[in-house]
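Order as written gives the chain letters A, B, C and D; numbering starts at 1 within each chain.
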Amino acid sequence: MFAGHADYARLEERARRALEPAVFDFYAGGSGDETTLAASAEAWRRVSLRPHVLRDVSSVDTRVRLLGREVPAPVCVAPMGYQTLAHPEGELAMARGARRAGALFTMSSRSSRRIEEVAAEAGPWWFQAYVMRDRGLTRDLVRRAADAGAAALVLTGDTPYLGRRRRDRDPGLIPDDMFGVNLGPGFDRASAEQAADVTYDDIAWLREISGLPLVVKGVLRGDDARACAAAGAAGVWVSNHGGRQLDGAVTTAEALPEVAGAVRDDAVEVYADGGIRTGVDVLRALALGARAVFVGRPALWCLATGGEDAVADGLAELCGGLAHAMGLAGVTSVTRIDRGLCAFENTRHNVET
Amino acid sequence: MFAGHADYARLEERARRALEPAVFDFYAGGSGDETTLAASAEAWRRVSLRPHVLRDVSSVDTRVRLLGREVPAPVCVAPMGYQTLAHPEGELAMARGARRAGALFTMSSRSSRRIEEVAAEAGPWWFQAYVMRDRGLTRDLVRRAADAGAAALVLTGDTPYLGRRRRDRDPGLIPDDMFGVNLGPGFDRASAEQAADVTYDDIAWLREISGLPLVVKGVLRGDDARACAAAGAAGVWVSNHGGRQLDGAVTTAEALPEVAGAVRDDAVEVYADGGIRTGVDVLRALALGARAVFVGRPALWCLATGGEDAVADGLAELCGGLAHAMGLAGVTSVTRIDRGLCAFENTRHNVET
Amino acid sequence: MFAGHADYARLEERARRALEPAVFDFYAGGSGDETTLAASAEAWRRVSLRPHVLRDVSSVDTRVRLLGREVPAPVCVAPMGYQTLAHPEGELAMARGARRAGALFTMSSRSSRRIEEVAAEAGPWWFQAYVMRDRGLTRDLVRRAADAGAAALVLTGDTPYLGRRRRDRDPGLIPDDMFGVNLGPGFDRASAEQAADVTYDDIAWLREISGLPLVVKGVLRGDDARACAAAGAAGVWVSNHGGRQLDGAVTTAEALPEVAGAVRDDAVEVYADGGIRTGVDVLRALALGARAVFVGRPALWCLATGGEDAVADGLAELCGGLAHAMGLAGVTSVTRIDRGLCAFENTRHNVET
Amino acid sequence: MFAGHADYARLEERARRALEPAVFDFYAGGSGDETTLAASAEAWRRVSLRPHVLRDVSSVDTRVRLLGREVPAPVCVAPMGYQTLAHPEGELAMARGARRAGALFTMSSRSSRRIEEVAAEAGPWWFQAYVMRDRGLTRDLVRRAADAGAAALVLTGDTPYLGRRRRDRDPGLIPDDMFGVNLGPGFDRASAEQAADVTYDDIAWLREISGLPLVVKGVLRGDDARACAAAGAAGVWVSNHGGRQLDGAVTTAEALPEVAGAVRDDAVEVYADGGIRTGVDVLRALALGARAVFVGRPALWCLATGGEDAVADGLAELCGGLAHAMGLAGVTSVTRIDRGLCAFENTRHNVET
């Protein structure tokens, strides 16, 4: 299913037909002119690979340790809200499919199924936290996630408020009962919106109340990555939120080498997401410095078109595509993928002060 | 209205339908092959932003001081002649709309309404001066503007004569009474044309006769910017006249960093215009070194499609878009926007001597 | 036939009409999104030539020594399997056509005609070896090739397993009797597949059992080229297997200067293939560091459309085009073509560790 | 007519309709895939201009001395053979039109009107020499040109034989009597073809037999330019023969800065041609180091569509366009145009040895 971007396009098209137009657009769309959205997928393709010949690749090992826990492959599921819009079982089916494929699952703060219910079906999973205007709501969610077995917290740092998404035309798309499924009864919707005053100090707070290692999602700069490390983060996740926040933001393929370089000497893991569609894309991201990648929409389109089974198959295929690409590139272990494996046409230069 | 370039395209299309073809073409067109016109809008989109995460952006401050006077946001209206072609109230409606949005207004030497009449309705405003062949005409205009309350003079330096604009097909588009509305009765049209012998010496002359600080508009090079500073200018305005003068001229996005760098140590303010269409574009220009931006056609299309109200709404939306983009980029004050906020694909290099 | 890429496109179109769709697609296709396939031909066109004027080019000498043996021109035929799919005489016709044009012929391990039969008709030829899972099969083939007069062995190093080729839809395209024409009776197909554990050590093994000089095909990096030289290879062949293996792999035009530079001081010859379609392309490759080039599909389309005659004509035309281009570029001998003959838009940069 | 490339396209289209298809194609076409032809016009547009403001441009001086003789503007007519195919009066009309516009005219060795007849109608003119296989033919032509008043000789160095031009389908396009109009009666066509053994030594020979200063046309490299200077040339003319010789050759916009830089300290003048279509293009070429430019097809299309009058008008318009562009760029004399006037996106780099 993911041997090329053409396969992805076909899958997306099938999802488009399977979903309500408003739902498809909510899922597929980005902010502003969708410049960042389009550029992000395209940017990986500008990364050429420099394969080795004559290596014994009869066995290829894609296993990797993420925050100390081994997973079979560095391909994980990104947090995405409201998955019951795509499939009646929503996050349940996604978590089950991920577990079957051996892929780490990230549960969104905006899950449309109850945390505990999803956790019961999931393999290893992380919980994505939004700091809400009422920090008490976040504290409760985070503690419930920790109790339910989340292995780490993911603090999304790029969403003080939502990006301006042209395709989001139906303000009633997310009814109150879906929005509030993990909030107490009689919750106040405004209090549960993202807080705009989240800072590096919240890293310590979240670690303390959850007892979990914390990953900051949305990092696009080296200096921010270092600031995360200094504030106690265990990981930084290079993301532009799938092109849904600041339109015009740099692509993750362009930001990744800078971020990875900045924290090379820190005990911080680096992940990346955004526009990753094939096993070759995964290899590109690993070569540019990511320890693992997360996929959003590819998993969502699987969910929409075939539920748990399609999720399991799609993720397995991505993992298989990675192993195959590694073999053709002459590398037998993800730990041995180095930057020299790629040649990158990055035509943008940071403007010096 | 300005969340993306697509919105701008839609607005322009509405203006096209609202206006006489000859008027629309006069407004929309550029010189030669319109290379510079097209490239200028496109160039901003090649500037990627490098947003910060985890900053408290619950309050974002867009206020800026322009030549000592504070305005709510660094989004201003560029001088454009003959606005009654777009709307019966012309400059009156534009000035009122700008005032309501808190945007600085620049009145053109070619205003089709009387200076004093417009000034009476305007908030803070600047007067754009062409040095005319008969310098006495310019002296009179400039003094009237100063008396009417202009806060600064803008000397347009890129128009010794008009560019060759393919779309300007109707030589009678500007009748004598419109051309001469601010000239004495029985004026001689040729004498009021732009003089071709304007030099840096005219900066001192204009400052002297008006008593106002002076900004040079049309600067595209660092050496010229320094020459303006040395000659007593208080500001330089990076502009290629909306692609209407030298076709093939560098885009303002490309010229801006050079100009801003050249006068970094001078007490000179730097502004920019040309192809700025969204709040994200404004942020890009500020990051590349502008203290404020000016918009031409966007304001004109608002005027043509909805008069004063649309101008007010359009400008407010641009300002709101800037604040929103700043928040998503993690910057809370325009004074804290630095060059590091962008990554720029500038593939052109100055050719060394 | 090969004065421009347009001629090639026309030839390909004729072949498309002459062949079964499944055969054409098997020949024409590449792996994944065919990114590398498309980029490889395109990359040569980004190499500009810097011709000399006022040189005596009344006689142009294209002769070159390949592993000690002189050939009239540095244009050779790449190994391609199963040529009877294109023409009943298959490799026989290809070898005869190459001989008539004075072009070195490379016989594939997957030849669909018997080695000895083809060898009897060939001019100077090399044998391309796949190391098969059952190394005994390879030993037999290689010895038979040596006995039949192969002047060198080509070890294809980029195919531990096949790339994922979207266009290969018919799994039965290669029937057992075609696959096994050079294997013993009652052969086991799986044992004859490519081994995934081929390493630099196999270079010595193959040299020993064949007594022939060895060339490694598929090299795309300078470090690998040096490793080949250290392991006893007499040549390295820059190739991405015609875009059929790792999709996303660097183009050969981009890899060639790196490889040639890396072994400049070794006694190793450098060849290149992939997307070479005209005499000017050959000149480009020589200027970027190749001693000779190999063509795949161009020869195949000739075979498909006109058998031996078309192969002879097509190759002669490529050689003639090279001589003509050399004359217009002011160089009279392939040994005098240097890197300064081209200007290269290589926008990709290796990512430093 | 030449305010933009769009005007040129329109003119070309009119010529296409006015001419026999075979003639139009012979004139319009280039060699191979016409890559160099297309790239050459396009390359100038990638040169951005960096205009000055606030310069007194009330008078702009385009005069320039070419080999010691002043011409009103640095816009000249390139040598083109067989102009009677375009217009019954052929070179006569071209020479008259050039004279009326004050433009230097270059007469081709392949003139289809007699040298003396054309010379009688021409203003200042140069004679373009091909060294023919029978050098005696060239000696005669060159002496006749000198006697008829040619001010310089232009030795075309890029044509040891003709490029492969796909569009040249009619081998009988140039009948013997047109080919031989300036050769003796009973001439041998083969002897009059270009010699392939022309070298730098021919520079001295041609100077000696003609007594005229000599310009080498077709130079695309700095080292060749220096070699020309060392061999006694008075000028080098950067040209790729309008894309008609080596397809894949570098564009003249890319070669010009290198050539101009190489002979900066020599007493050698530098000219350029190829794809120059507007006054702005002329300015670009002057800024990149040319002392004057030559136009080919633009003059030819004028000739074809309106004879002498159109040639005069077209050339005058190009000169006027240059003056206008200079004024808008803030330069008042061609001698004061420096490299700093442009910013160049040259993405190709010479490959180092």
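The definition used in the following text is that a residue touches a chain if its C-beta (ideal position, glycine included) is under 8 Å from a C-beta of that chain, and two chains touch if they have at least 3 such contacts.
Fair warning: this is a prediction, and the values are worked out from it, not measured in the lab.
The minimal number of chain-to-chain contact steps leading from chain A to chain C is 1.
Ranking all chains by how far their C-alpha centres lie from the centre of chain A, first place goes to D. Shared residue numbers account for under half of those found at the interface formed by chain A and chain B, and the copies are therefore classed as meeting with different residues.
A rotation of 90 degrees, rounded to the nearest 5, superposes the Cα atoms of chain C on chain D. Each chain gets a centre from the mean of its Cα atoms; for chain B and chain D, those two points are 42 Å apart. Taking the mean of the C-alpha atoms as each chain's centre, chain A and chain D sit 59 Å apart. Multi-chain contact residues, meaning those touching two or more other chains, occur in chain A at positions 347. Here the chains touching each other pair up as A-B, A-C, B-D, C-D. Those residues of chain B lying in contact with chain D across their complex are 31-35, 157-158, 160-161, 163-164, 166, 195-200, 202-203, 216, 218-221, 224, 227-228, 245-251, 254-255, 347-353.
Only residues 3-6, 45-58, 257, 278, 280, 283-284, 287-288, 321, 324-325, 327-329, 338-340, 342-347 of chain D touch chain B when the two sit together in their complex.
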